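Each in structure tokens, the structures are laid out below.
Paired with chain B in one complex and with chain C in the other, chain A is shared by the two complexes that follow.
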Partner chain A sequence: MATVTSGQPYHGSRVKTWWTILKISLEERFVYRGDFALGTLMRFLPIITQVFLWYAIFAASGKSQIEAYTKKGVVAYFMLTMISRAFSSMPGLCSGIALQVRDGEIKKYLIQPIDLIGFLLITRVAHKLCYYVIALIPFAFVFFLCRGFFENGWPQASILCAYFLSLVMGFLLGFFIEASLGLVSFWFLEVTSLVFVYNLLNFFLSGHMFPLDLLPDWASEFVNLLPFQYLAYYPAAIFLGTIPPEQVWLGLAVEACWLIAFIIIARVMLNRGIRRYSGFGG
Partner chain B sequence: MPMALIELHNLQKTYRVYQKKEGLRASIKGLFKRTHKEVQAVKGINLEVEQGEFVAFLGPNGAGKTTTLKLLSGVIHPTSGTASVMGYTPWERENDYRRRFALVMGQKNQLWWDLPAQESFRLHQQIYGIDTQQFQNTLDELSDLLGLRKLLSQPVRELSLGERMKMELTAALLHSPEVLFLDEPTIGLDVVAQHNIQQFLKYYQEKRKITILLTSHYMKDVAALCKRVVIIADGRIQYDGSLSGIIDETTNRKLVTLQFANPITDSLLESLKRFGDIVQQEAPRVTLEVTRDDVPAMLTAILDAHDIDDLIVEEPPLEDVIADVFARVSKASDEEPSLDEGS
Partner chain C sequence: MAGYRPSYLNVFLTFARNSLVRDMSFRTNFILQCISTISWTVMNIGFYLIVFQYTDSIGKGTGWGRDEFFVFLATTWIINSLVQTFFMPNAQQFSELIRSGNLDFALLKPIDTQFVISFPRVDWAALSNLFMGITLLFYSLYQLTTRIDSPLVLDWRAILMYPFYIACGTVIMYSVMITLASTSVWLGRNQTLYNFWFYITNFSRYPMEIYKVGWGIALWAFFTFLIPVLLVVNIPARIMARPLNTMTSQMWQLACFAILATLLCFLFSRRVFVRALKSYRSASS
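Now for the complex of A and B:
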């Protein structure tokens, strides 16, 4: 009994710690409202160009349907990847870690009793929450205007649950992949080109550029072996029903494995990196 | 045998630094093959500090002061040697240890830049698990002592350097650390802010009886605060003792200033030179540097031969004495490379 009562306040205060960090980073985020509002608006620009591009492709091919996608279906797909990316993209995470390593800010996490990855994750959650609060109304408005593009309407409840889960896991996967990349800076101080390569791969292999089911079989088998599809394509495909319902959960299980793998990678890299940092530099 | 609160035994730290030669060609070569150089920042430090001591580390840039503080706060691993602070090995970074000390670096910022310091303090409260009532009391006490009350709700980026440093100190002291490491806490501050921080540290240390290790370039900080001074140069401890002891131990010179009633002639100057070096001459005064033991004989001789209006015998300025120590050490190890601090 005694152990329970002595253990609980510690646990309670842990939760409170993360809650306080979340609140404070939310406050910090809201300092830059102008930047945020602008950032939200700019999100819509790339998708507009993509929609025009696909309209041109449809016009040139003279077909009304390319593989599984109708003209409307493509627009719906890109609108949904925009939502996926709103969860999985991590602007500034990787370069932020690199900067902290380079200018020694990282020391703070060695001196204070706090976990770097946990801290970054919670501030990122705050970052995202803040973004959703601001983006919710314009997103809802655009989706309402474009409701005609969603020919199948709303998916059923279980699929909607799977969709939501895939977004949350997409967020976590994106976070841990980019955190792992950022932690490379313990070995190479500059990671800009690494981020560039990652973003490029991400752009093509996540389904951000084109729906992945348009790829030829050999290529789509290859893409299926990689984690990128979960960052944009997979949630959208769940929502649109492109993935048969019985396979949805299997895909999510594979995604969970990727997530666990990257959590472990990030942890190991942090431990090794800190050991290296404290052994060499400081 | 009771252990000292902080014990360092033969602590050594060697950094490996990338050597880049000048020019584009060397840079391209560097892409394929890098030459590294070993730099011994700390070459074997032995030190014991008792609970409640306020110790200053003095030394030129690159002497190993900051490296020593980094070792003690567990940011870096030593190459060899042992250290114990309150019974912990710092670089194992146990959470228990991290809750009991604090490190303040004058050139590093720990507070959230865009938020009022108050918010960073709240975060510290959570990170260190400080009881709300205790947190409030400590914060009240510290902000009264440092005169920060009105500034708590102002974004940190709008504070002056001095105010920010006070906030940093407050943040570091919220969890009532038993050991405090201060790396150049008054760097870049004006005289008034420096003085305020000195006063505060003195008061706080005396009241709480905490143990403080401080590095500073300002002799005034050291003179005001620390009874014990450790001079580190070239990665080793060159002196460990009281501030006044430095002068006794490291120099046997005194400065004698004479104010003559009559005009100073060349022959007079010539006759003075046999007692010591003339370091300053500004009629009607002449200042000589004289070996301590020679002072009485010299004074007798001069007072007999000349009309003297005024006479001062004093120790050479502390800064000069310490600069001499530094210079001696760096001369002795001239062939060895030194490491710039920071990073």
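Now for the complex of A and C:
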């Protein structure tokens, strides 16, 4: 599959193709901007219950700090995981691929000079860009209102760089993990339950549900070996300074390894899958 | 159709049987669904076990210790599983019927439209949550009644009232859901409203005391008196688990109010539903 695009006469036209795809997807996405902005604001509602829950936990424990988090720190953590998730969550990617394999739409990529994974990545980038443009206002509004929860203020410039890098890598890692899951549909037609299990593990082990530092030692050792933490916990922990600055870059290097691994997995699966695939009819 | 009275029970049983047949024809899928629902509850327990490593109770002086809270959690699961088994798939289908114009077929049937909209699909796999809820309920009640200091004494009135308030809670949830689903007649599409349902019911998942600090009082009042989702789990769980070993008179007042709230919610949702049907214009050509 990957060789199809390289058959093009020169590099410039390929860039132009991808640019066109990006532009079209952006326009497609901006159609529902009102729904988007409202939906984004409502996504902060569950955080309100989280705030009350954790305040109640802190009040009852009599402690001012639980592990690395103060009462306000926990709220800041949950708000930052919202940002991490805005980068790493890929709604509909996996089931979309599965559907295309099942109903044969995947044939399109076999005959057109477009790479499936590349195409999906570009449309996803467009989706996310569009989301950030519209979500920026509600996010900025909520973060401004809640700035008091960020007791340490802005981190240093180098940490901030690492933070943005971790967000971008979180996006790519999330994309390639879900793409690989979706490509499983070449072997099993129904991947819904697989997606459910993935979402479940993701919710719990990425730190979306609670800061991973709270896990008992044996469990956190295990969770550290998995890629999920980079999808929500890691960026937030970098920003809050929970991770010592000298370890931040090491963690990012490990994340990069995971990313490369999943790029390779997705690529290999696509190649193998297409060899297995047989399409019938028009 | 004057004079003809359909047997609602028989129709419902037929719906339930059809759904079961359907679920059983994809048995592996059914089992996988059960397993994933159960793993969700297991992870939830894991989370609260972690929380209770750092604190003795949810909220200072509220009496929601680990086992009391697990009664609360079990009640949440029981009510949620009832809603998910009987109503959730149907409410989702309702918006789709409106959008596609297929509601015409439901309107033509010689039976109450709200009934035929609310029950045709029973999601049997969601009942595994009910099983988990009942197991957790019995386990934590056992822990509470056999603990050494101030063990819980189960009152037969509490045991009778518990299922009654579970039913009330389920009706409140159903009313909120059908009201939201009915609005799709006016909105055409309501993906956001479904998220809205999850966000609203999210407030019902914790003991109401946690909201009674600072401006949370406003939230507490809103979700107790206007959209009474806070009563849904709180009242039955409190009657059963008796945090602080007592029910204050204020709690009894809330419990009485819960009955009224259930009735009002149901009547309101019925009103909205009938209104929605009147505004419905078929979408088919």
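Assume the second predicted complex is superposed on the first by the 266 of 282 C-alpha atoms of A that agree within 3 Å, B and C clash if a C-alpha of one lies under 4 Å from a C-alpha of the other, contacts with A are read in each partner's own complex, and residues count from 1 in each chain.
As a convention for this text, a residue touches a chain if its C-beta (ideal position, glycine included) is under 8 Å from a C-beta of that chain, and two chains touch if they have at least 3 such contacts.
Values in this document were obtained by computation on a predicted structure and should not be read as measured data.
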Chain C versus chain B on the shared chain A, clash or fit after superposition: fit
Touching partner for A:164 - first (chain B), second (chain C), both, neither: neither
Touched partner set for A:104, first chain B, second chain C, both or neither: first
Residues of chain A touched, compared between chain B and chain C (which is higher): C
Which superposed partner A:132 touches (first chain B, second chain C, both, neither): neither
Which superposed partner A:112 touches (first chain B, second chain C, both, neither): first
First (chain B), second (chain C), both or neither touched by A:63: second
Angle at chain A between chain B and chain C, C-alpha centres, nearest 10 degrees: 90
Overlay on shared chain A, then closest C-alpha pair between chain B and chain C (Å): 5
Shared chain A contacts, counted only where both chain B and chain C touch the same residue: none
Interfacial residue positions of chain A with respect to chain C in the complex: 35, 38-39, 42-43, 45-46, 48-49, 52-53, 55-63, 66, 190, 192-193, 196-197, 200, 203-204, 209-210, 214-216
Complex contacts: residues of chain C adjacent to chain A: 29, 32-33, 36, 39-40, 43, 46-47, 50-51, 53-62, 191-192, 195-196, 199, 202-203, 205-206, 209-211, 213, 216, 219
Chain B-facing residues of chain A, complex: 10, 13, 16-17, 20-21, 24, 27-28, 31-32, 104-105, 107-108, 110-114, 275, 277-282
Residues of chain B defined as touching chain A within the complex: 15-16, 67, 70, 73-77, 91, 93, 95, 98-99, 102-103, 108, 110, 112, 114-115, 119-120, 122-129, 155, 342-343
